[in-house]
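Chain nomenclature is as follows: A, B and C, assigned in order of appearance, with residue numbering initiated at 1 for each chain independently.
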Amino acid sequence: MQSEQDVIKQVAPYSAHRIVPGGERFLKNCWYVAAWSNEIERKPFPTTLLNEPVVLFRQEDGTPVALEDRCPHRRVPLSAGTVTGDAIKCAYHGMTFNGKGSCIYAPAQEKIPAAANIKSYPVVERHTLVWIWMGDPALADEKAIPYDVVDTLDHPEWRHKGQRRHLKCSYRLLMDNLTDMLHLAYVHTSTIGNPAIEANANKMKLDRGDNFVRVERWMVDQPPPPGFVAAAGFTGNVDRWHVSNYRPPSYFRLDLGAAPAGTGAPEGKIDPSKALVRHNINCITPETETTCHYFWAESNRNWQRDPSITEKIYDVVLEAFEEDTEILELQQRTININPNAREVHLAVDAPGVQVRNILRRRIEEELAAESRPQSAST
Amino acid sequence: MQSEQDVIKQVAPYSAHRIVPGGERFLKNCWYVAAWSNEIERKPFPTTLLNEPVVLFRQEDGTPVALEDRCPHRRVPLSAGTVTGDAIKCAYHGMTFNGKGSCIYAPAQEKIPAAANIKSYPVVERHTLVWIWMGDPALADEKAIPYDVVDTLDHPEWRHKGQRRHLKCSYRLLMDNLTDMLHLAYVHTSTIGNPAIEANANKMKLDRGDNFVRVERWMVDQPPPPGFVAAAGFTGNVDRWHVSNYRPPSYFRLDLGAAPAGTGAPEGKIDPSKALVRHNINCITPETETTCHYFWAESNRNWQRDPSITEKIYDVVLEAFEEDTEILELQQRTININPNAREVHLAVDAPGVQVRNILRRRIEEELAAESRPQSAST
Amino acid sequence: MQSEQDVIKQVAPYSAHRIVPGGERFLKNCWYVAAWSNEIERKPFPTTLLNEPVVLFRQEDGTPVALEDRCPHRRVPLSAGTVTGDAIKCAYHGMTFNGKGSCIYAPAQEKIPAAANIKSYPVVERHTLVWIWMGDPALADEKAIPYDVVDTLDHPEWRHKGQRRHLKCSYRLLMDNLTDMLHLAYVHTSTIGNPAIEANANKMKLDRGDNFVRVERWMVDQPPPPGFVAAAGFTGNVDRWHVSNYRPPSYFRLDLGAAPAGTGAPEGKIDPSKALVRHNINCITPETETTCHYFWAESNRNWQRDPSITEKIYDVVLEAFEEDTEILELQQRTININPNAREVHLAVDAPGVQVRNILRRRIEEELAAESRPQSAST
């Protein structure tokens, strides 16, 4: 565990991200969640991702595709049109594009104009989610999907329930929120927080690398928070864990749970028939500079003991996210009034600051790569 | 008729108009429709034309006048005031202006300040419409009204029904729409379009001059579209014509109709007691860069055979314009996201491109004339 | 009294204030009304003053305090939090600030970060109003409160009824309106105006100094306006007075009233048991460049004769202010269309022009003082 002083030292060199409406640069060469798998059907699904209009639909074999949602002919959104076969047809004049963005039909002429193609985004479907690559398609690599964040969404021993939320705040504010455990003691006192949170807030094990942050916290032999009691029926004190795993750009798997105190959980002895073992899975995709799409789910290993645990935990966490939404949207409104107002960091912000630093470095690297000459041959 | 290749050649040198919110230049030295005649009464009628606030009202003899809708004293809209005699009185302090924009009463003082005049716009009332000249009043010439577009609105042999619409799109998008026949085959399949449209889309006779475009198309011995059957009761195939007449800045008279196939229509033998003979009359006035006022009417020669034909045709076309409105407003929203996204032209766009070119040239000429020194004496 | 010519000469050198959305400079080193006393309780009261987010609340002893409404930690508005003791606690992470803006609690650490303070605004409570100093706290001086404008709000011989209004117009437009008597003859004909107003509009005694304007007008032996009859039951002609007292930045006490004609009012003989003796008290605080908070009250000495007079006068004036609100918001909308459109002044605008000049000079002096080097020692 780190001392308060160690943590403050980490915070010191940090300077705040500017969250200014308009003009923000997003990380592009990475996978974002475009939708839950069950949201994408044969009919066009319009969305805005990183300020770009995108339309998704399934081809005849069920494969999802994603295209620029703008016909190059007269700039009508293709999502207003219809899917025919593996292609989408513009509602205005029938220009038709296949899943690669190639025009396959131009009305009232034989020759298809060479320029009549649109951007096609690499898309893959994994673990109940549809993933999209917003940057250079040549760099899209399925191995870059943050599998370990989401792989219990369709694991046979786990059961999940999730949701799409639309938040009127920068994805960065939600990232801060998800890295931060302290606010549970203030915002979520009726659901997932209690005073034990603050007392233990700096007792953390913080690991970090170029592309991850891991924060492990234990609250040993403490009363369980109300939501844990409601979902899992604890009757006495618990050993509670809260492990936050960050993957860039904006993924968080929170390993959360509690076991009856003194049954060996801190040493790794966890019996899912008595403990509560959860993954809180979080995927955030910027919509604009000040709005985001939020895909989250609760996944647990306890449903075999009682199938209603999934619903109960989901309901508790949904209530907590609704509390967060209110705070985050107020925060964004206050930032909009004066985007340059300063920010002060606390010791407990160390994990969040690490997360911000990783994202910033990744964006800076991407910008540097773009400005580099394309060929370096001599 | 032109070949596809001829048409593509015309399109080639075209570069797209930028339709960017804010800062667009409109053609000013021309007549626009300010209102339908029956909309203007004694009480003030406020409107915004080419981004300028305008108030219209009728003088005691019934003559309509149009003034800047802003009192020069404290900048309250005059339309909030009252018309007294031939003048309008500001609601705030009683400053009163005659139809020429001259202040005729300044409260609580004898002398009327020399600067207390407002802009008065030349206005004439012709063919059930009130026309306004937004540019230099010295250049206003009634002969420049596009009479041939609108003169069947009050012709004894014709009967019309029209409407004012407000569209949340650039007037340019509606102009494209009105020049274009192809979209009938996609947007209006239940009303005025059918597959015959696309099959014949490039069989057009395109004439153009400095200030007009005329596109004539014939669909010979084809099934009539649903709306034609509903209005005129065709039972067999028809010879259908679609002639689009453009006058700058934004006027279109579409000569539309059909006669039983083989009765000589293409050779000019048209019997209104058996054929359907329509003018679809379109007058568009920019409100702002991204909104417009749309005055349209259906006028026909067939009402003597059956007075309900006017209503029936109006209802069919109204339904079609509601379909167009949906597409056009989506188009504007997509353009707003990225006004610089490219446009690709098709062969069938040749008439629309000609229309855009004429308007662009007229605007460029007007800008050039403004930047020229006022006197050229040596 | 001044001649029309004298007044026009005063107006001549005046050039209009630009009322442009965004970027306007407000006078800062002065007292503004933040709220009515009874609006501020223990629970946080959020407001926006001069584009700054402010939260007010009462300490345990009842003293009101005002703080920057933005936690320096994560920029959440403190008004979303809770007041505990004499301090306010942030809803997000519990950062707590006392009434001086000093952080007294930082969660999960012992040391309070030195930078974790927020702006605290000098606040005093006087005459039923809570006053706030938006500029340099070192310059805040209670003597600068415009006591003479508001001191009948809690004077034992007077009784008042007031209101907070939110107007969608610049505070400057409301200031023009309050300096101006002429509009009563146009906007308020059913309440507090009548034709006598205009006939007497230039019969004014105008006094001014560096920090006040006083305009005295008398309408002798004239019919009373409808609202005066309704409130005070006049049956014959009256001698009516209308004295406007301006104090910068945006305070107006209108001394208004009437006595039965010929009973000596113009010579100072006023008997409150027969006359109507009113203060119309007006305090305006800019919210943004184009919106303002308006605190007004009617205060009268006649309630002892008939307690319902206070209600009656309030109702009449409320109706008048609702008429004004409509005009002022139309005025702002028209100014927004073209903020640079010219303004023409009339002779009757002389008092309003003086008011504008004083405010402009005060703002210019404040700007000059800010750009001056802090020390001038040699």
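In this section, a residue touches a chain if its C-beta (ideal position, glycine included) is under 8 Å from a C-beta of that chain, and two chains touch if they have at least 3 such contacts.
Predicted model only: the values in this text are computed from it and were never measured.
Visitor: Give me the fewest steps it takes to get from chain A to chain C if each step has to go to a chain it touches.
Guide: So the least number of steps between the two chains is 1.
Visitor: For the homomeric pair chain A and chain B, should the interface be classed as same or different, according to whether the shared residue numbers exceed half of all numbers used?
Guide: Here the answer is different, because the shared fraction of interface numbers falls below one half.
Visitor: Using CA atom averages as chain centres, what separation in Å is found between chain A and chain B?
Guide: Centre-to-centre distance between chain A and chain B: 49 Å.
Visitor: Would you give the residues of chain B that are in contact with at least 2 other chains, written as numbers and ranges?
Guide: As it turns out, chain B has no residue touching two or more other chains.
Visitor: Touching chain A in the complex: which residues of chain C?
Guide: Chain C reaches chain A through residues 48, 51, 53, 69-70, 72-77, 80, 90-94, 106-111, 113, 115-116.
Visitor: Quick check on the complex: what are the chain A residues that touch chain C?
Guide: 4, 176, 180, 182-183, 185-187, 198, 201-202, 326-327, 330-331, 333-335, 337-338, 341-348
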